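Look for chain A in each of the two complexes below; its partner is chain B in the first and chain C in the second.
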Partner chain A sequence: MIEILSIFLLCLTVITAVAVIRARSLFTAVMLMGIFSLLMAAAFLLLDAADVALTEAAVGAGISTVLMLSALALTASKERVEHVRFGVAVIVCTVLAGAIFYATFDKPPLGDPNAPVHQHVAPEFFSITREEIGIPNVVTAILGSFRGYDTLGEVIVVLTAGIGVLFLIGGTAPMGQVSPSSGDQTIRGLRHHQPLRVIAKWAIPFIMIFAFYVQFHGEYSPGGGFQAGALFAAAIILYGLIEGHRRSVQVIPPAVLRAMAAGGALLYGAVGVVTMLMGGNFLEYRVLHENSTTAQQMGIILIEAGVGITVAGVLLAIFHAFAARDRA
Partner chain B sequence: MSALTDLFHYWVFVVLLMIGFYGVMTRSNLMKKLLGLSIFQSAVFLLFISMGKVEGGTAPIVLDGNWDATFSNPLPQVLILTAIVVGISTLALGLALVVRIKEAYGRIDDIDAPEAES
Partner chain C sequence: MMAPLLDVISWVMLVGGAAFVFIGGVGAIRMPDLYTRMHATSLTDTLGSLLILGGLMVQAGFSLMTLKLIAVTLFLLFTNPVSAYALANAALLSGLEPKLADDESENES
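On to the complex of A and B.
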C-alpha cells in the first residue's frame, strides 16, 4: 500500500516538474513549484525522513514560493517566447539520462538493510547516541554533535548568503526604477481581504507556538533549529503579507534581524570556543558538565538555538529586502 | 511488483534530474533557469533520502526507549536537512541577482543576446 502511494506521489512530482518547465506564465510556474515541494515533502515522509519532510514543507513549499513571488513582482510575470534550438539539449539529456539509468541497476534495491550505505557509521551513530547522548531523535544528535562542524559550516553559508542578498538588494532601487506591480499591495498588504485577515489572525499564533515547540522539543520529536527558524520566519512573513510590509518591519526591525542572523552564528561559534577554554576540543561538549549525557544535551540545545536564531534572522532579512525593494 | 519498486525511486531521480537540467539548458528566462536548478536540486535530495530508507524501518526517532527497533539511516537525512536550508539561501541570492539584472538591463529573458527592442 505504501509502495503504491509512494509511486503515485513520485509520478505526480514528475508531472509537476514537467509542467513547471513548460509553463509560459512564470506565476504559474512558481505556484507549481510550491506544489512540487509539497509532493516532495510527502514522498520524504514515506521514506521515513520526518525531519526532512518538515523542513521541505516549511522551506520549499512555504518560504521559497513567497521569495520567488516577490522576485517576480520586481521582474516580469511572463516568459518571453523564444526560439531555442532544443536538439543539442535533448541529445545531452538523453545520453546523460541513459548513463545514470544504466548505473541505477548496480544500486542495491530500495530499503535493502545490507546496502553499503547502512554498514559503516550509521550503526555506530545509534549505539553512541544511546550511550553518550541519550536523546531519542538520532537525526538531531548527528546534526548537533557528531557532525557539529558541518552544521556550523552550513550556518555560516546561510549567513553568508543572507549578507550577499542584503548587499545586492538591501539598499533602495536606483531612481526612476519603478517596478511594474509596486504600489498599494506591498504597503497596505491584503488587509481589505477580511477572510484572509481573520484566518491569519488565528493561524499566526499557532505557527509561532509550533515553531518554538519544534525548536525546544527537537531532541524528542522531528524538528530542530533549521525547521524552527523557517517556521518562525514563515509566521512573520504571513503577517507581513496580510498587514503590509511596513507593519511587519515594526514587529522586528531590520537591525534586530541582522543582529539575530549574526548572533546565532556567533552563539554557535562561542559554544565551540567555550569548550576549548574549558580544556576540550572545538565543540567537544563533554567538558561542559560532569555528567557527559547532560553535557551533550546542553551543547546540542545551545547550538540548535544558535541555528534557529540565524535561520529565522536571515530568512526574514531576505524577505524584507525583497519587499522593501518593491516599495522603492 | 518488487522489480518495479526496487529501483523506482532512483529512476524518478534520473527523470527529475534531467527535467531540471533540460530547463536550465533550454530556457533563457533567468527565473526559469532558477526553477530548473531547484528541480535538479530536489532530485538530488530524493536520491539521498531514498538511499537512507531501510525496509520495515521507521523514522530514526526512538520511541519509549526501544532502541532495537529497525530505523532508517539518519545520516543522509541530516545531510539533506541542512542542504534544503542552504538551498533556499542560495536561491534567494540567485533571485537577488535576477532582480539586479532586471534593473540594469530591463529584462530577464535572453540576456546574452544584444539589445534588440528595448
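On to the complex of A and C.
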C-alpha cells in the first residue's frame, strides 16, 4: 500500500516539476512550486520523516510561496522567452540521469536496517538519546545536541540570508510617507472583506498556539525551532494581509524584528560560550547542570528558542521589506 | 456485531467522499471558465473532505485520533469556503469577467 502511494506521489511530483519548467507565467510557476512542496511533504510523511515533512509544509509550501509572490510583485509576471540551443543541455542531462539511475542499483533497499547509513553513528545516537538526554524525539536530539554545530551554522545562514535581502531591497522604508489617498491594498489590507476578517481573527490564535506547541513540544513530537518560527511568522503575515501592512508593522516593529533575527542567533552562540566558561567544550551542554539529562534538555530548549526567534524574525523582516517596497 | 456495521458505514462514507472529490476534479477540467470550475470544486471538496474525515472518525472510534480529526474537520469547514471566496474575489478584482450564456452563443455562432 505504502509503495503504491509513494509511486503515485512521486509521479505527481515529476508531473508538477515538468509543469513548473513549462509554465511561462511566473505566477503559475510559483503556485506549482507550492504544490510541489506539499507533495514532497506528503512523501516525507510516508517515509516516516515527520519533522522534515512539517518543515517542508510550513516553509516550502507556506512561507516561501508568500515570499515568492511578494517578490513577483517587484518583477515582471512573464518569463522572458529566450531561444537557446538545447543540444548540449540534453546530452548533459541524459548522461547525468543515466549515471544517477545506474548508481541506484548499488543502493540498499528502502528502509533496510542493515544499510551502511543506519550502521554508522545512528545506533550510538539512539542509545545516547535514550540514556543521556531522555527525550523521545531522536531528531531533536541530533539537531540540537549531537549536531549542534551544524544547526548553529544553519541559523547563521538564515540570518545572513535575511541581512542580504534587507540590504538588497531596503528594509528601512519609512512609514507614513504614503499619502492616504493612494488606495493600495497593501495599506488598507482586506478589512472590508468580512468573511476573511472573521476567519482570520478566529484562526490566528490557533496558529500562534500551534507555533508555540511545535516550539516547546519538539522534544516529544515532530517539531522544533525552524517549523515554529515559520508558523509564528505565518500568523503575523496572515494578520498583515488582512489588516494591512501598517497595522502588522505596529504589532511587531521592524526594529524588534531585526533584534529578534540577531538575538536568536546570539542566544544560540551565547549558550555555547557559557558552556565554555563553565569548563566544557563549545555547545557541550552537560556542564550546565549537575544532572546531565537536565543539562542536555536545558541546552536543547535554549538553542531551539534561539532558532525559533531568528527564523521568525528573519521571515517577518523579509516579508515587511517586500510589502513596504510594493507601495513605493 | 457492531464492528462490521461500523466498517460498512465508514467505507460508504469514504467511497462517497472520494466520489465527490472525483466529481469535483472532473468539473475542474470540464467547466468552461474559472468561476464555474471553482463552483464545481469548492462545493464538492467541502462535502467530500467532510465525508472522508467522517469515515475516518468512524474507523478510529472514540479515541484521541477522533478528537484530532474533529479539529481538522472544523478547520476545513471554516477555511475551505473562505478560501474559495477569496479566490473568486481576487479573480474578479483582477478583471476576469465571468463567462455568460450570451457570450458563449456568440462565440459558437
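The definition used in the following text is that the second predicted complex is superposed on the first by the 315 of 328 C-alpha atoms of A that agree within 3 Å, B and C clash if a C-alpha of one lies under 4 Å from a C-alpha of the other, contacts with A are read in each partner's own complex, and residues count from 1 in each chain.
Assume a contact is a pair of C-beta atoms (placed from the backbone, for glycine too) under 8 Å apart; a residue touches a chain by one contact, two chains touch by 3 or more.
The structure presented is a predicted model; accordingly, all values stated were derived computationally and were not measured.
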{"item": "Chain B versus chain C as contact partner of A:F226, first or second or both or neither", "value": "first"}
{"item": "First, second, both or neither for A:L196, with chain B first and chain C second", "value": "second"}
{"item": "Touched partner set for A:L288, first chain B, second chain C, both or neither", "value": "neither"}
{"item": "Contacts of A:I133 with chain B and chain C, given as first, second, both or neither", "value": "neither"}
{"item": "Per-residue contact with chain A, leading partner among chain C and chain B", "value": "B"}
{"item": "Complex contact set, residues of chain A against chain B", "value": "3, 6-7, 10-11, 13-14, 17-18, 20-21, 26, 29-30, 33, 36-37, 40, 43-44, 47-52, 55-56, 59-60, 63-64, 67-68, 71-72, 74-76, 79-80, 82, 84, 86, 88-90, 92-93, 96-97, 100-101, 104-105, 107, 109-113, 115, 117-118, 121-122, 125-126, 130, 136-139, 142-143, 147, 150-151, 154, 157-158, 161-162, 164-165, 168-169, 173-174, 177, 220-222, 224, 226, 229-230, 311, 314-315, 318, 321-322, 325"}
{"item": "Contact footprint of chain A on chain B as seen in their complex", "value": "1-2, 4-23, 25-29, 31-32, 34-36, 38-39, 42, 45-46, 49-63, 67, 70-78, 80-82, 84-93, 95-100, 102-103, 107-110"}
{"item": "Complex contact set, residues of chain A against chain C", "value": "193, 195-196, 199, 202-203, 206"}
{"item": "Residue ranges of chain C in contact with chain A within the complex", "value": "75, 78-79, 81-82, 85-86, 89"}
